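For clarity, chains are labelled A, B, C, D and E in written order, and residue numbers in each chain start from 1.
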Amino acid sequence: MLTFTLRRLLLAIPTLLVISLVIFLLVDLAPGSPMSEIPLTVPPDVRRKMMEALGADQPVFVRYVLWLRQFFWVEPATLFDGWFGTNWAGGEQRILSWQSRAPVFTIIGQRIPQTLTVIGTAYLVGVMIALPIGIYSAYRQYSLFDQLGTLFAMIGFSVPTFFSGTLIIIIFAVTLGWFPTKYDTNLSVTDWPSFVKQLQQMAMPVMTLGLANAAVISRYMRSSMLDNMGMDYVRTARAKGLTERVVVLKHVLRNSMIPVVTVIALGIPSIFGGAIITENLFGVNGIGAALIGAIHASDLPMVQTLAFIFAVLIVSFNLIADVLYGLLDPRIRYD
Amino acid sequence: MIEVITAIPKPESALRAIWHQFRSHKGAVFGLVVLSLLIIAVVIGPYLWHPEKLTVVEALKSKNKGPSLRFPLGTDQLGRDMLQRMIAAGKVSLAVGFVAMMIAIIFGTLIGVLAGYYRRLDGPLMRLTDMFLALPLVPLLLVIMMLFRDRAASILGPELGAFTLIVFAIGITSWMQAARIVRGEVLALKEREYVLAARSIGSASRRIITRHILPNVVSPVMVAATLGIAEAIITESVLSFLGLGFPPDFPTWGRLLFDGLSYMQVYPERVIWPGLAISLTVLSVNYIGDGLRDALDPRIRGR
Amino acid sequence: MPDRAAPILDVRGLKTVFRTRGGEIHAVNDVSFHLERGELLGVVGESGSGKSVTMMSLIGLLPSPPAEIRAGTVMLGDLDLLKITPEQLRNVRGAKVGFIFQDPMTSLNPVFNIGFQIAEPLRRHMGMNKAQAKARAVELLELVGIPDAAKRLGDYPHQFSGGMRQRVMIAIALACDPDVLIADEPTTALDVTIQAQILELVKELRVKLGMAIIWITHDLGVIAAIADRVMVMYGGQIVEQAPVKDLFANPQHPYTRALLKTIPSLTGAREKRLQVIEGQPPIMTTAPSACAFRARCIHAFERCEVENPKRHGVDQLALGLGHDVACHWVAAPVPAETADV
Amino acid sequence: MFDAATTPLVQVDGLKMYFPIYSGILRRHTGNVKAVDGVSFNIQAGETLGLVGESGCGKSTVGRALLRLYEPTAGAVVIEGEDIAKLTPEALRRKRPTMQMVFQDPQASLNPRMTLADIISEPLVEHTKWNADRRLERVYELMDAVGLNRRFANRFPHEFSGGQRQRIGIARALALNPKFIVCDEPIAALDVSIQAQVVNLLEDLQEKLGLTYLFISHDLSMVRHIADRVAVMYLGRIAELSPRDDLFAKPLHPYAEALLSAVNEPDPSLARRPRIILKGDVPSPARPPKGCNFSTRCPKAFARCHVEKPELQEVEPGRHVACFLYAPQTGSTGTSEAKEHNQQGEYQ
Amino acid sequence: MKLKTALLGAACALSFAPAAFADRGTDGEVKFTFPQAVSIMNPFLSSGTKDVYAASLVLEPLAGFDADGVIIPKLVTEIPTLENGGISADLTSITWKLLPDLKWSDGSPVTADDAVFTAAYCMDPAGGCAQLSKFDGVAKVEAVDASTVKVTFTGPKPNPYTAFVGALSPILQKAQFAACQGAAAPTCTDPNNMPIGTGPFKVTGFTVNDTVTLAMNDQYRDPAKPAFASAVIKGGGDAEGSARAVMETGEFDYAWNTQIPPDSQASMTAAGKGEFVVAFGTLVERIEMNMTDPDPALPEGERSTAKHPHPFLSDIKVRTALSKAIDRQILSDVGYGAGGKPTCNVVPAPDAWASDNTGCIAQDMEGAKKLLDEAGWVPGADGIREKDGKKLHVLYQSTVNPIRQDFQALIKDWWTELGVDVELKAIDPSVFFGGDAGSPDTFQKFYADVEMYANNSDGTDPETYLSQYQCVNAPSPENQWQGENMNRFCDPAYDAKVKVLTTTVDVAERQKIAKELNDMVTKDSMTVIPLVHRGTLSAHSNTLGGVKINAWDSEMWNVADWFRVK
């Protein structure tokens, strides 16, 4: 298991390097210029000077190598310095956003909390809804509940979040006035009222995303349960005189969870990646909103860094999913 | 003996059997009916429904109207007939959905089969898949559209060019899931005895793949395909929103939905129609996929 | 028979039907039998003959739908297993009736260690706490001949060989000292040398624990080795029943006879050509109104086509004690000569 | 049958089939699963060689390596003078019609999405240039030959019973008029009443078409019925290779003896061989014992067995045994000693 | 005269403060929502309006403009003029006198050195200052004494109110930014995000592209202001969401830039929680006619250059016909409602500078058709006009924007009625306005026949703006496509008139020349077809008092005067 993990980690390094280069070139090739938001009244030579000041006039490979160095050395060193008061980074240039001139990692650091709270909760809620639906749908296959569950999942698949999100706003914020439409990122939970406030402002984005997440995961849960319901060991469990509850929720579920857990793990990078549209819609201003904002503003360092972090997360969680599979399923031992 | 030969049922019965099984799936029949209606509507709709061409001023007088006899689905903010626009949009959206899905599925299946069947290709192809999965989708689409839009437009004309490029771009960025699923299936199928049997006969790899592997990955591919259509339709709307899709006067359901969002509160039907159309398409395609998967499997069909 | 104690298990008129999309399958048709205390009853038949379904019907292990028990009584002591509540039935399963299945790999839950799986029925039925259950599990594993039992409690099924897994299954089935042990082809998936080990073990345990066993198999060799009494099933019915020696020495039903002949002997004279039962076992889409074996029977005559034969025992036929058979030809073998050509 | 002048149809010499084990971070080759570890035998034309052993002993691997469905690690497989193990892919393809295989699981070996006619004609498509009608004719011929009703030609495998499926598999194997067929546990998945039908069919076809079989099975009584000679395998190696009657009358190798004794004779009236219950399980082929592979379970093992691997040697005319209890035929002391041991074994 | 108006303006602003005004910081919090989030609080490093406006709560220039475009003093005692001697007679220098006892929010005094530093900061060539054009023609900035700043120009400068005037060029604190000059400018994250200023508020928290929290500035020069103790600017989402948060849910007090369809404006207003306000500046939505040939068949480097005149748009009859076919009133109503009005001018405001050109407002479809007939473009079999076998086919590009797409659709309809075959194209704004020389889709490259966008003049004086249409400013490969004369209009008479304007001092004369220049590009040559004079639509809640929207400076120019209506 350990060697398997180590081996996969080693393999990930060249993969990620290639991915970083591809991402860098891709983002660089993409149309758009950081100057597009500058008003037309600003004359061309001023624009050119601004581009130079950003370092945007350097050849792409020079910028790539610099970025690599910043990403893999300067930023970790700065982080380390921040924790232990050392001076490894030596004041070297960090990756700066073109749009805000602030270090990209500082921005990401500011945005991770709300993304994790909101999208993470939505994911969690999605999972919590999906699992019982999936389990019961499988247990009562072809029942009315199962049909409704299927319909629910299909709707979850087929309704884009910009649609469901807007609908939810109109119902819950405008008509009913229960929840605020704008997420207050500065709200800190210190007491009960602020906690309630936090719950209120999280309610709508969580609903929007939870629906989409629940749809996918409930399908996986159902089919995995169905795969296992017919297994011989289920019959053994029943032959032991165990109650249906124990048979289904212990024996079948434990086995069915193995593939579902890995699916859930594979979905986790999307939490960090944020949900672009939902974050934008509710003003959550997490990572997803940062990415779309940076893309609109052609803030290349921001897009490149975020995209690469996202790639790292995807590769890592692929690995984690594999390792989880091995941990959950005693039959699998990677050697 | 000759009598016996003449008594042999003709292979046509297979098709009938598939149809028979398909018919027994209620959801699938519902899906087929709905999808057929949608397709018929967008194909022959323009011949049946051609409201008189209004001048701008006349049209603007009847803008943002709710459903009525004259405008069955109402009108938009410029007084254009929504039904007519829905029909025109549906043609594009459905075509994009299906063609992009086909590209993604074909490409994904190809990669999946190659990776699963040829051990040597497995590593590189799966790394490639990982890479595509890890790539940021929006910039990738932007680059593709920027690099090739003019060329495509000059060769195929603005509309066909945009169509080709859009379905290609969507296809090329959404094949990974199919590839992974297919690879997993192929790895399992490769160890089946009937594949071994084919090898013992001396069948070439190509034939083994086409005769024994491909038909048996139909089910998972079907599932991926049904999900793919929905994604393609929605991705197209995002592309149009970013200005990389079809020319602005070229309605698609995704675009109508996006446009309607600003009017959602005042004229909710503006989003309901395209939203309904997209959801119905996806829903029916999903159910058809379910039914087809059962119908194409002779083991289930026989039951 | 009346002079002996009441049987531990008495089944009468059991009918089980599967409802499928293609129609109903009559898997068990009016099956009646009994099991004496301490007896080992062998049940033989081909796949689809209804032997497993019969036994699973007894304690409600068939998934429903599609299975449906239409009629019958199953008396386990004073309890009618078909009439009691599901909860009561669960209290019987694993406690009074133990079950061993064919494939020890898939019958054990791969994600729980065997200690847990053995302890489960103990805690459920015997009300043991964790420590007690563990101690008992060690005892059981030692009983079924697993070396280093205490250490292996934490192991998972895949860490055991096929034979060892089947021993674990037996340990689970025996955990609560059941009155009846139903073994559904427990050695079919095992190699012959391992099968021999398991058969030895069961023989030993029978002597030690004295429970009644129903042993389902398609291997007449196994039956010959361990059974006291044999039931032969075909088409969801019992076609012949006899003490083991009687059956092998004096098989009555044409099916039993044919079956015994199709199996080549390891030590006897080597036959030039194997005896064959032509055709396929039937799929019972309707309740039997004729002999299920008639299509493959070399003795079949008109009556076989129109009437399902009843089982006739020692009273009607010149058979040994406890030997009965359901066959028109055995009961009145008049036109046999013409059909025998 | 043992006429040295006729060249055997199949000559297997030192066949090894190792599946490499890679481990560690760098996936270094750290060992092998020795599924087949040096197996040699001949099969004469028209003969049936039975290959018996328990699951995992490598008997199926031998069958597959023989047809080069696996790439053998070492050794030669000469069929009709050509070494299968060394043929180029194209030459191998041309050679395929002479050697065919019948598989164990008739369910798994038939593509569920192909009709019976498609399945049987597949080899014809591959190796002939016949048109569809000509192929269909041949399919009908084959169906007649294996006793399948022609009406079934357009049905799918799942519509058949196990026995019928196995007939389909046999028909497919026969399509190209092979000389040599590897029957890989062809009856293991069938019901007893059906097993006999299939075995009889195989025998009839052998008689009619002059086929040569390698009959792989774990069912000793069936092997006794069909095979002319029998090889008993244990953990990748042949323990004993003897003519059928000799083997079943008096197995020489302790393993063969134990194996035979474990079979339950269905006729209680026949004298039962004293049962030898082997202790423990078969070792993993990835880590076979140092000496004789059977030494860990052998009731007669002695010191030498634990350090040295015995080779397969002819100890009596036509009887080959890999056991230190028996000296090669040329020696005289070995035999008597072996008999002594054997006697002991019988009354354990 | 100028002084008088300036003083009047200032007085006006002051007198606006209601009597009910209590003390500083008694009205709690004022909440802003911007559809685009604030990236940085230093307007010298970003000229994104969102950033400039947010910064205007904190940083102040020496002088600003009021709602009518009149210059008003902010940190100075009075507006320098020729009359009061603040501007030298030769127009080469201007001298500002700082208010006494002016303090930064950290309590340190504001001195002339800060202004000198600010100029040096922006004019540093390595700094990439976004407001460099504000310092155009500035030779040097010096501190005559601690409270006197003198700006010297390289030549006579008729309009000297550029540097240090308006929200775009405020004063930075030297002490805070001393280490941030030149190449180091972008790396000074903390000063850039939390600058110390003289405005009514100071930054207390800044999360990039998300939220700015502010508290009242205790050192603010008017001890009674601001009324609000704190402010918060929440960014992100879209115009809809921002408007909704003020107009419907009442979560926010002020939403900047709530450009939403007129219907939605009406329905939101109906909710009764707030109102929309419009500021009309100089922003004009227009169609530019490409005077050069964008044919893709031309070799790269010659496409859309002066080498190849446009095959049909070079004919003024065609251009005029296209303009006549458009009904600007409809466009304005459909797209902007109260936020727009039809116009025929590129310089629509201030009134004194705007030509009285209204000839294009009424649609004249028949006239347009006649013109095309005259030009030789006659309808073909398919209704599309053709001449010499060539179809009248127009590629019409714009950016992705729902209103522009509506405009495109409407104009396409009209032009189709005219017999013109129209192909539409919408380009992502970041590409269209990005100016990337490698991209074919920039508005400078103009690889289309006509294009639509909005542009405005910076401030009240349109000199720079009008000078853009000189021949030399046409984008071309030679200048890496960086010119501002998109339609490649080239008229020596125009260039000559621009030259006159740059040396004219008299305001009335300047206004006359400007109107002539405006007419030359619009009604005389029809190279620019103005469509709609656009305002900025913002929304404020009914409980927010003191809002006076301003198109010439930051919309929050008078935020110190805002108060809570109770």
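Operating definition for what follows: a contact is a pair of C-beta atoms (placed from the backbone, for glycine too) under 8 Å apart; a residue touches a chain by one contact, two chains touch by 3 or more.
None of these values were measured; they are calculated from a predicted model.
A.B. asks: Which neighbours does chain A have in common with chain E?
C.D. replies: B
A.B. asks: Could you work out how many touching-chain steps separate chain A from chain B at minimum?
C.D. replies: The least step count works out to 1.
A.B. asks: Write down the chain pair with more C-beta contact pairs when A-D is set against B-E.
C.D. replies: Higher C-beta contact count between the two pairs: B-E.
A.B. asks: Whole-Å distance, chain B centre to chain E centre, using C-alpha means?
C.D. replies: Distance between chain centres, rounded to whole Å: 45 Å.
A.B. asks: Can you compute the centre-to-centre distance for chain B and chain D, using the mean CA position of each chain? Integer Å is fine.
C.D. replies: 50
A.B. asks: Just curious, how far off is chain D from chain C if you go by their C-alpha centres, in Å?
C.D. replies: 32
A.B. asks: Please work out the Cα centroid separation of chain A and chain C, and write it as a whole number of Å.
C.D. replies: Their C-alpha centroids are separated by 55 Å.
A.B. asks: When you check chain B against every other chain, which residues touch at least two of them?
C.D. replies: Only 142, 146, 261, 265 qualify.
A.B. asks: Using the touch rule from the top of the page, what residues of chain C touch 2 or more other chains?
C.D. replies: Answer for chain C, listing residues that touch two or more other chains: there are none.
A.B. asks: Do you know which chain A residues sit against two or more other chains?
C.D. replies: Counting only residues that touch two or more other chains, chain A contributes 31-32, 174, 295.
A.B. asks: Chain D touches which residues of chain B in the complex?
C.D. replies: Residue list for chain B touching chain D: 1, 4-5, 7-11, 13-14, 192-194, 196-204, 207, 211-212, 215-216, 296-299, 302.
A.B. asks: Given the complex with chain D, which residues does chain A contribute to the contact?
C.D. replies: Touch list, chain A to chain D: 3, 6-7, 10, 335.
A.B. asks: Where on chain E does chain B make contact in their complex?
C.D. replies: So the residues of chain E touching chain B come out as 240, 260-261, 263-264, 267, 296, 327, 330, 333-334, 398-400, 402, 405-406, 408-410, 412-414, 417, 423-429, 431, 439-441.
A.B. asks: If you look only at chain A, which of its residues touch chain B in the complex?
C.D. replies: 15, 18-19, 22-23, 26-27, 29-32, 150-151, 154-155, 157-160, 162-163, 166-167, 170, 174, 291-292, 295, 303, 306-307, 310-311, 314-315, 318
A.B. asks: Going by the contact rule set out above, which residues of chain B touch chain A in the complex?
C.D. replies: Chain B residues touching chain A: 27, 127, 130-131, 133-136, 138-140, 142-143, 146-147, 227, 230, 234, 237, 257-258, 261, 264-265, 271, 275, 278-279, 281-283, 286-287.
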